Amino acid sequence: MSRAAPTIRVQAEPFDLAAESAALAAGRVDVGGLASFVGLCRADDGLAALVLEHYPGMTERAIARIAEEACARWPLTGCTVIHRHGRLEPGAPIVLVLTASAHRAAALEACAFLIDWLKTRAPFWKREEFAGGTERWVEAKAEDDLAASRWDDAAAARRGETP
Amino acid sequence: MSRAAPTIRVQAEPFDLAAESAALAAGRVDVGGLASFVGLCRADDGLAALVLEHYPGMTERAIARIAEEACARWPLTGCTVIHRHGRLEPGAPIVLVLTASAHRAAALEACAFLIDWLKTRAPFWKREEFAGGTERWVEAKAEDDLAASRWDDAAAARRGETP
Amino acid sequence: MRVLYFAWVRQKVGVAEEEVSPPESVRDVAGLVAWLAARSPGHAAAFAQPRQVRAAVNQDFAAPDAPVRPGDEVAFFPPVTGG
Amino acid sequence: MRVLYFAWVRQKVGVAEEEVSPPESVRDVAGLVAWLAARSPGHAAAFAQPRQVRAAVNQDFAAPDAPVRPGDEVAFFPPVTGG
């Protein structure tokens, strides 16, 4: 099994799920499962748009580390993370995570891990713009920290420690 | 949140991940996460092709039940399962599972649940054809039963029972 | 009663489906298996290890003690391996 | 030392980045926060609740006791909310 370097992009433009997915499987016959997650902008509470700010330079670096961590924990044949920034309206895709592996459990678990860690470790900030003209910075959620921390427990459990 | 009826197809033809994915989000602003899993044919041990046999009638029925179970367990806004049959060569996609929900955890968990239950509850059988002309029926794996049974535990845990 | 066979069970029996009329004493899946196994060497081979064979009655998975009746569609097959 | 601000920290400070030359007594992130908070009412507002502000030194997340040195790139921002 040859491991491809993770593909990481931070961009304003939309991404192409089919093309990115095809790229992870193209010309290979050792990929048994491809998992993906696409995060989209919901129109909660009259939301007109999300504006995503990020920290150019650190963002790519942080995502690269998260992807490396996923590749260290699961036998992935490939992994792609694309995160958009800028102004995104309801229905717009925000983030794409794609993982490929010989076996489904690795692809699915790594995909869930990546989005959980992106939520808590990638330097993005969301500002909500509402129809009435008001704005609000999205606050970090305790449930996201909890979701991310279960992977600490998982790693600890594999090492034989009590979480 | 309106729930769409699951889309279920059993077909010889390939499927279109992008089109199916777009269909689950099209015209909606209540979808926060779209998870997908694509199972592909690997070329293990000189495999030339997989031939998938199924039980027409029961297959659709069994998949519909599995999808209904997923919709009962998680607040999905949509769910698609497409399973191919017939002769599939290494690299070919075999099965597509797509789930949509307001929140990522529901989409990701339901996606993993669906593929685990499909493996153990949908009437498909795989025959491997090797380069030398030999053939072999794939045997059911204990690890697949184990993967499927963790969802029994999860449901039991939610009901307050000891697994 | 319509009986269907899939995968290696079909290959061993030699046919994909058949119409059968078991005696009234055949009341459940296990009874039908015992009766079918006596029909031919192919049937006998297919059912030689009953624990390797799964059943469905009217397109629902069925345990050995599930009832079978005239008019039912009963299928026999190995543990499934899809996905 | 280059200091960057993001999200509401940037809005409160009023600039996205600035070059600063803190005294030698400023040796870590917490010390830099205390020194920056005294520069203007905007800085003071941004750092009024230090536990709400996260830091990165040279593009790595950094704790309050992480050292800072001349030439470093130090960033301050709220807890991240991407994904």
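Residue numbering begins at 1 within each chain, and the chains themselves are lettered A, B, C and D in the order written.
The rule is simple: a contact is a pair of C-beta atoms (placed from the backbone, for glycine too) under 8 Å apart; a residue touches a chain by one contact, two chains touch by 3 or more.
In this text, all values refer to a predicted model and were calculated from it rather than measured experimentally.
Asker: What whole-number Å value describes the gap between the mean CA coordinates of chain B and chain C?
Answerer: For chain B versus chain C, the centre distance works out to 26 Å.
Asker: Taking each chain's centre as the mean position of its Cα atoms, how many Å separate chain B from chain D?
Answerer: Chain B and chain D have C-alpha centres separated by 48 Å.
Asker: How big is the gap, in whole Å, between where the Cα atoms of chain A centre and where those of chain B centre?
Answerer: Their C-alpha centroids are separated by 22 Å.
Asker: Spell out, as numbers or ranges, the residues of chain C touching 2 or more other chains.
Answerer: Chain C, residues with two or more chain partners: 83.
Asker: In chain A, what residues contact two or more other chains?
Answerer: 39, 104, 115
Asker: If each chain is a dot and touching chains are joined, what shape do you get: line, ring, star, complete or other?
Answerer: Graph shape here is a line: each chain touches the next, no loop.
Asker: By the document's touch rule, what are all the touching chain pairs in this structure?
Answerer: A-B, A-D, B-C
Asker: Mind pulling up the chain A residues that touch chain D in the complex?
Answerer: The touching residues are 39, 52-55, 57-58, 61-62, 83, 94-95, 115, 118-127, 137-141, 144.
Asker: Inside the complex, what are the residues of chain C that reach chain B?
Answerer: 4, 6-8, 56, 59-61, 75, 77-83
Asker: Give the list of chain B residues in touch with chain A in this complex.
Answerer: 16-18, 21, 25, 28-43, 90-91, 102, 104-105, 107-108, 111-112, 115, 147
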